[in-house]
Amino acid sequence: MNYQTIFDTLASEMADVEDRGHVATYIEALSHVPPDRFGACLIDHQEAEYHLGDSNESFSIQSIAKVLSLTLAYRTAGESLWRRVGVEPSGNPFNSLVQLEYDGGIPRNPFINAGALVICDYLITEMPGVLDVILDLARRLSGNEQLVYSQEIAESERVSGFRNAALVNLMKAFGNIHNDVEAVLDFYFKLCSIKMTCRDLARTFLYLMNNGLQPGLNERIVTKSQSKRINAVMQTCGFYDEAGEFTFRVGLPGKSGVGGGILAVHPQHYGIAVWSPRLNAKGNSYKGMLFLEAFTTRTGLSVF
Amino acid sequence: MNYQTIFDTLASEMADVEDRGHVATYIEALSHVPPDRFGACLIDHQEAEYHLGDSNESFSIQSIAKVLSLTLAYRTAGESLWRRVGVEPSGNPFNSLVQLEYDGGIPRNPFINAGALVICDYLITEMPGVLDVILDLARRLSGNEQLVYSQEIAESERVSGFRNAALVNLMKAFGNIHNDVEAVLDFYFKLCSIKMTCRDLARTFLYLMNNGLQPGLNERIVTKSQSKRINAVMQTCGFYDEAGEFTFRVGLPGKSGVGGGILAVHPQHYGIAVWSPRLNAKGNSYKGMLFLEAFTTRTGLSVF
Amino acid sequence: MNYQTIFDTLASEMADVEDRGHVATYIEALSHVPPDRFGACLIDHQEAEYHLGDSNESFSIQSIAKVLSLTLAYRTAGESLWRRVGVEPSGNPFNSLVQLEYDGGIPRNPFINAGALVICDYLITEMPGVLDVILDLARRLSGNEQLVYSQEIAESERVSGFRNAALVNLMKAFGNIHNDVEAVLDFYFKLCSIKMTCRDLARTFLYLMNNGLQPGLNERIVTKSQSKRINAVMQTCGFYDEAGEFTFRVGLPGKSGVGGGILAVHPQHYGIAVWSPRLNAKGNSYKGMLFLEAFTTRTGLSVF
Amino acid sequence: MNYQTIFDTLASEMADVEDRGHVATYIEALSHVPPDRFGACLIDHQEAEYHLGDSNESFSIQSIAKVLSLTLAYRTAGESLWRRVGVEPSGNPFNSLVQLEYDGGIPRNPFINAGALVICDYLITEMPGVLDVILDLARRLSGNEQLVYSQEIAESERVSGFRNAALVNLMKAFGNIHNDVEAVLDFYFKLCSIKMTCRDLARTFLYLMNNGLQPGLNERIVTKSQSKRINAVMQTCGFYDEAGEFTFRVGLPGKSGVGGGILAVHPQHYGIAVWSPRLNAKGNSYKGMLFLEAFTTRTGLSVF
């Protein structure tokens, strides 16, 4: 499969598509991103890299970082992790409190905000200096030693993060948060503010394409079963209220962020990241979803 | 891969597992099924068949029939079908009215009861004698000319079907049901009462393993894209409130029924059906799910 | 207190008020009512009558009839009635299914549609020819022997009554409806189609002003305790999602209907009925509520 | 009406009633209250006092203090207050987040926790040193110069107050909280920790029996219209999820607290306070409600 040819063909096609999305504005610092950026990077099972557009420009990965925190928590806790968070799609907007109250403080899955906050709480308890631990892991997986989070964006998230504060307090009322509310929020906002390029993203999560073993590093990140299961959770829960739509149109497990990035994985074949800041009404990259749909249509391959 | 050896090994292992499930009783006629039956049948991409236990005994396929009605509607309507029903997981019990009211009468997906009822309504409008049409299709796909529905079970469902009647009436209030309420319910209950064996099931849905082309018949049932998309909807929505759990544990697109049957598909590899009447708390076959989890673990293969 | 003077003063004031309401259109036959009609009638504890405008023109009393059916059921069943329906405000739009599902098929109160349907079901079981029984009661209470229901409106309600059909079916699924769905709906739609004038209404419900004893007839309709409790339920539940607002602004127990009528009672003092067909966004008479607010403000008296 | 005779008769009757309630334990400091205390005090329109049992022992008035904060806010803001909080019953448990999210951050009424927190936020903005202001008002109204709040209980509430913190954060996300989250919570917990005796309570709220004018002080606390409207809101919203039940059984506007106190008002007749610490399942005093029901039954008078 000549991925580069497909990339180039799609690049010219996508250029003609009107971008109907809108840059996220509820986090003030995010709203400054140049809205017309577009980048993509694919790394295949032999570590060959394919690039398109702004693939080496870093951006705020936002919720894609939840795959990293889930990975770290899952390999530490094993299956006991699922006592505190479920694996079911939420069927509701991404930060709704309704479901959480109905389910007694147990978030539906680790990718909605509530679930990611519980994962953060778990990690704070388990590992001192957890922010450094997760940044070190991200640097090792991506091979990018300069990888950092944006203090400016983290602070901007805090200023508008009252809904997340409500989630943590509600879960603490239910006994599913063990640390101080502020400590959990602080780590969560910094985690979401990690900056990566498309290339960083595609490389970081290659272990999910490769049964848990990171190519290049030749290091086991998670077990084969865990790798499969993280992909499964991405498939059913990775796109907020649009998980079914992404599965339906793209057919790959993936995870999006409100910074406009999308990570997707075709197990045994490749990892791919795309970035386009304007979001559709459900909070996922408008052109990013179109690009990935066109890409799997063109290759004729998906997990289905 | 020697599927038969795996079947035989799992058979002896499963025999030792306590069945914590319970036979469905809300449909009176279903409660008479012998609870200890267990059967499985796998048909691979070369049409080789593998059997286990009661694989040739027919049972009520119940909601698995919704894959058949979706197939028929999708290939008739094309993508316009999705104006009347969504592709998102429901995140709620399988016959909840809450979500439907919130979403203005548009069911979340074609596999919850509300969605299947809309599909039935569409088919009644489009094809006269729709029950014969769908039975003919099932006979041709399965190669079983004797295939019928159970009049006794259909009537038993009607007697306890007030919740489904509520769903149809509510959707008619929203304008998403075009035919008489009773006509829609009548067709729906008969559809759910179709009886098949594990072998019938595995063979009927082989086109979903084969990009839409039915092996043996060499007939195109749906397009490649439609086949992929039906699998995608099964992956995210095929198990009521347990779709995430099935994806997480088994890793294949599939569909279950309260008769105790489960159909699953590994695209390009095989179709598989399993039957064990006792259900877990979420309404899916208790041993059926265990068996499929053990099977994909043993083969080491899933879509992820 | 010179009620007639207040009536006349308010009449000229109300004439200058822009009517921002809209005639109900979801029941086709209701939409033909002349929208500018306005009538009021007050009958005090000495049976003196005060009239204003179109007080002797009959209209569809709609949900106000639920006070009549509740009265008949309550005096028959006594306190056991409350096993099948509650006395709490609904806090939700008047025909929502959500609350009903949450509460296991027990409607919150007898004035939301679900609760009134349960009352109808109870009456059908208890008294053969219930429609004649309730019409006879209405004729005796009002002293209007010509009182009838409108067959045209009843049929028009049936045509658009799928949401009510959904409610009855859902409650039947929960076991809280004992008769045939169609029989319950048929009685309910006829009950809501009873026609009365403002004078009929004010007189019919005088027993609620008089501790359960109907003046003129000198007949006990309900016990003193029951009379007080029906008033209490009207106070907290009589105005759909606007019960608090009516209590806040008017300060009397009352009941409205989508035909534009409102009945209110000042215990020991008077019964009052007002009619103005245009409804506010919550489904209550726009000018009717304004008039009653101005009336209790002018008299300086309310239950509070 | 000889209130003392009724008090004495009911005292001996209530002594034989098994108390099926349970002392509130979610606030640790509240759980130490002697569970068998029982007191009542009635003050009539001529300021005559009637006492029963532990009527001069102080207890934590908890949510009854919300009538005081509403009074202070209402007379300051006038009708503009209702832009930030509604007057409709909640139809849901007393601290549910669901309704709040549905209604865009506007609490249903000033007596559910969310609404009382908004009132606190308003008061903090409007008056420096608001805690002293409200304590001064309580002392003047009750005539008890020693009246204080319990620092121990306020701190105990903070420790278990994560659900209230969730409410404030959620409302701040919607823009309906203007001050710091901690400042609002701090004032709210101290307000709820005010201690009064039954006599203090009955006297403090006499203005609600007297069209807004405080007897004895001869001071206007609120306008006649405001007094009526506060009573109206108590009638429909004063008892959490049991407002309809209290209205149905007792027939007076009132307000309860989880400390076991209940305040009720019969306009133009009397104010009454009762205290019995064991609560029913809905969080209202078990014997307190029984006592008030028996009392209004015996007097034969209520607002209905």
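All chains are identified by letter, namely A, B, C and D, in their written order; residue positions are counted from 1 within each chain.
As a convention for this text, a contact is a pair of C-beta atoms (placed from the backbone, for glycine too) under 8 Å apart; a residue touches a chain by one contact, two chains touch by 3 or more.
These numbers come from a predicted model, not from an experiment.
Participant: Spelling it out: a chain qualifies if it touches subunit B and also touches subunit C; which chains qualify?
Facilitator: none
Participant: Centre to centre, using CA atoms, which chain is the farthest one from subunit C?
Facilitator: A
Participant: Between subunit A and subunit D, what is the separation of their C-alpha centroids in Å?
Facilitator: Computed value for the inter-centroid distance: 48 Å.
Participant: Please work out the Cα centroid separation of subunit B and subunit D, and write it as a whole number of Å.
Facilitator: 55
Participant: Report the inter-chain centroid distance for subunit A and subunit B in whole angstrom, where each centroid is the mean of the CA atoms.
Facilitator: Distance between chain centres, rounded to whole Å: 32 Å.
Participant: Using the contact rule from the top, write out all pairs of chains that touch.
Facilitator: Chain-chain contacts present: A-B, A-D, B-C, C-D.
Participant: Which residues of subunit C touch subunit B in their complex?
Facilitator: 96-98, 101, 160, 162-163, 165-167, 169-170, 172-173, 181
Participant: So in the complex, the part of subunit A that touches subunit B is made up of which residues?
Facilitator: 86-92, 99, 108-109, 224-225, 227-229, 231-233, 235-237, 241-245, 247-248, 251, 253, 267, 297, 300, 302-304
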